[in-house]
Amino acid sequence: MILGRIVGTIVASRKDPRLEGMKLLIVKPVTPEGGDESGYVIAVDTVDSGFRETVLMVSGSSARMAADCKDKPVDAAIVGVVDSVHLDALHEAELASSRRK
Amino acid sequence: MILGRIVGTIVASRKDPRLEGMKLLIVKPVTPEGGDESGYVIAVDTVDSGFRETVLMVSGSSARMAADCKDKPVDAAIVGVVDSVHLDALHEAELASSRRK
Amino acid sequence: MILGRIVGTIVASRKDPRLEGMKLLIVKPVTPEGGDESGYVIAVDTVDSGFRETVLMVSGSSARMAADCKDKPVDAAIVGVVDSVHLDALHEAELASSRRK
Amino acid sequence: MILGRIVGTIVASRKDPRLEGMKLLIVKPVTPEGGDESGYVIAVDTVDSGFRETVLMVSGSSARMAADCKDKPVDAAIVGVVDSVHLDALHEAELASSRRK
Amino acid sequence: MILGRIVGTIVASRKDPRLEGMKLLIVKPVTPEGGDESGYVIAVDTVDSGFRETVLMVSGSSARMAADCKDKPVDAAIVGVVDSVHLDALHEAELASSRRK
């Protein structure tokens, strides 16, 4: 899974009937420290997440294991809203050190 | 899923029999703002999409969940035509700011 | 799926018994305009393709849907020989313009 | 599979019910020599691993084959704690040589 | 599938019980000409391959189709030892030409 931030939604009236009623969100992948990664993914929301929330996203066939995604043409699903991220203190120190350089 | 724009078609007369009758489109991945991303994907069209339309594309085993793709050697399918993209205002402001730099 | 060009073959006498008798081709991914992309893939040939032909290649679990690949340890299969590629005129104009820069 | 180092955890109280009780770890991919690779993955821990340990991580549908991950929306799982890495002496010499350049 | 060269092994005593007895090798992806590609993959050996051998590796769910990998948390398996690679003469000429530049 990866972390992402909800940055938008898409509307598609002509679509596969099994996607009817699903909320399609634009997810920007982010690092555990909150920085933006490259690219975007369109994911189905299964946990009622909202704009700017940091979420947990699952990809590939496992996205079809998310709630109400069984047998649907879906390859990315939001399966959690992240409350907090805890980094190992040593790793945080390394990150701070590499940023100072 | 990702967003893409239809930029062409391919013709293949010698092919797997289960691909007979399927429209094979050349999809250019695009960002939510409409900019081109790198690379191309060949996808099966399942929603009667056309040149220059922005579409929703699903990849991997989930492409076989699209209409008429069951058990077929297909790893990318167009499953929606995008009417509109809505970006969070804050995210749009950040994008505009990063472009000005 | 992606487009590729057949650039070679590999011989492996010691291999998984279910790969016996399968033709293993070296595929160079190409763009719709015929330019080389980075990397190589080893794919099973299911449509009797030959050197220098442009082919349609499917990846992942969907490669096991290709002819005679069911339940085999195969993650890439050639499922079509491409006769022609048709690019949207507008997209071609953009490509030509970006090459002139 | 890839090697990774545990660098943190995430907490998500609102999540898919099938993720309840699973430990979600932040994994930094590493090379066999222990150097950091780019990016991060959020993986389910199935072998009781801890901060700074080097682990073996499996991705995609195969992550659902890990202990207690069956039919769950999980695309990455930690399935081993690495005791030691043995590199071919010739390969080590090449690495050392390329670092001196 | 891709080509790789065996450059090492890993030892993990604490691991998923279904990985017991499997040889876990460090594979360096290589080009058909034998040059190193970036990164490393940890793969299960199913054809008794050895250090420095060039092998054929399958990834994703298809790795579970390799001998003795069924239903195991394995996403990469070595399924062949490569005897020889045959490149199309024209492609070889292009490679030689691009190296001279």
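The first chain written gets the first letter, and so on, giving A, B, C, D and E; residue counts start at 1 in each chain.
We adopt the following convention: contacts are C-beta pairs under 8 Å (C-beta built on N, C-alpha and C of every residue); 3 or more make two chains touch, one makes a residue touch a chain.
Note that the structure is a prediction, hence the values are computed from the model and not measured.
Trainee: Using the contact definition stated above, find the chains touching both chain A and chain C.
Mentor: B
Trainee: Same or different for chain A and chain B, when you check if over half of the residue numbers at their contact belong to both copies?
Mentor: different
Trainee: Just how much do you need to spin chain C so its Cα atoms sit on those of chain D, in degrees to the nearest 5?
Mentor: With C-alpha atoms aligned, the rotation comes to 145 degrees.
Trainee: What whole-number Å value describes the gap between the mean CA coordinates of chain C and chain E?
Mentor: Distance between chain centres: 19 Å.
Trainee: Let me have the rounded angstrom distance from the C-alpha centre of chain A over to the C-alpha centre of chain E, please.
Mentor: 31
Trainee: At least two partner chains per residue is the criterion; list those residues in chain D.
Mentor: In chain D, the residues touching two or more other chains are 60-61, 63.
Trainee: From chain A, heading first to chain D, list each chain in turn around the ring.
Mentor: Ring order, starting at chain A and heading to chain D first: A, D, E, C, B.
Trainee: Please name which positions on chain B make contact with chain A in the complex.
Mentor: Residue list for chain B touching chain A: 1-3, 31-32, 37, 46-48, 56, 58-63, 65-67, 77, 79-88, 90-91.
Trainee: If we count contacts the way the header does, which residues on chain E are in touch with chain D in the complex?
Mentor: So the residues of chain E in touch with chain D come to 6-19, 24, 26, 28, 39-43, 51-52, 60-61, 63-64, 71-76.
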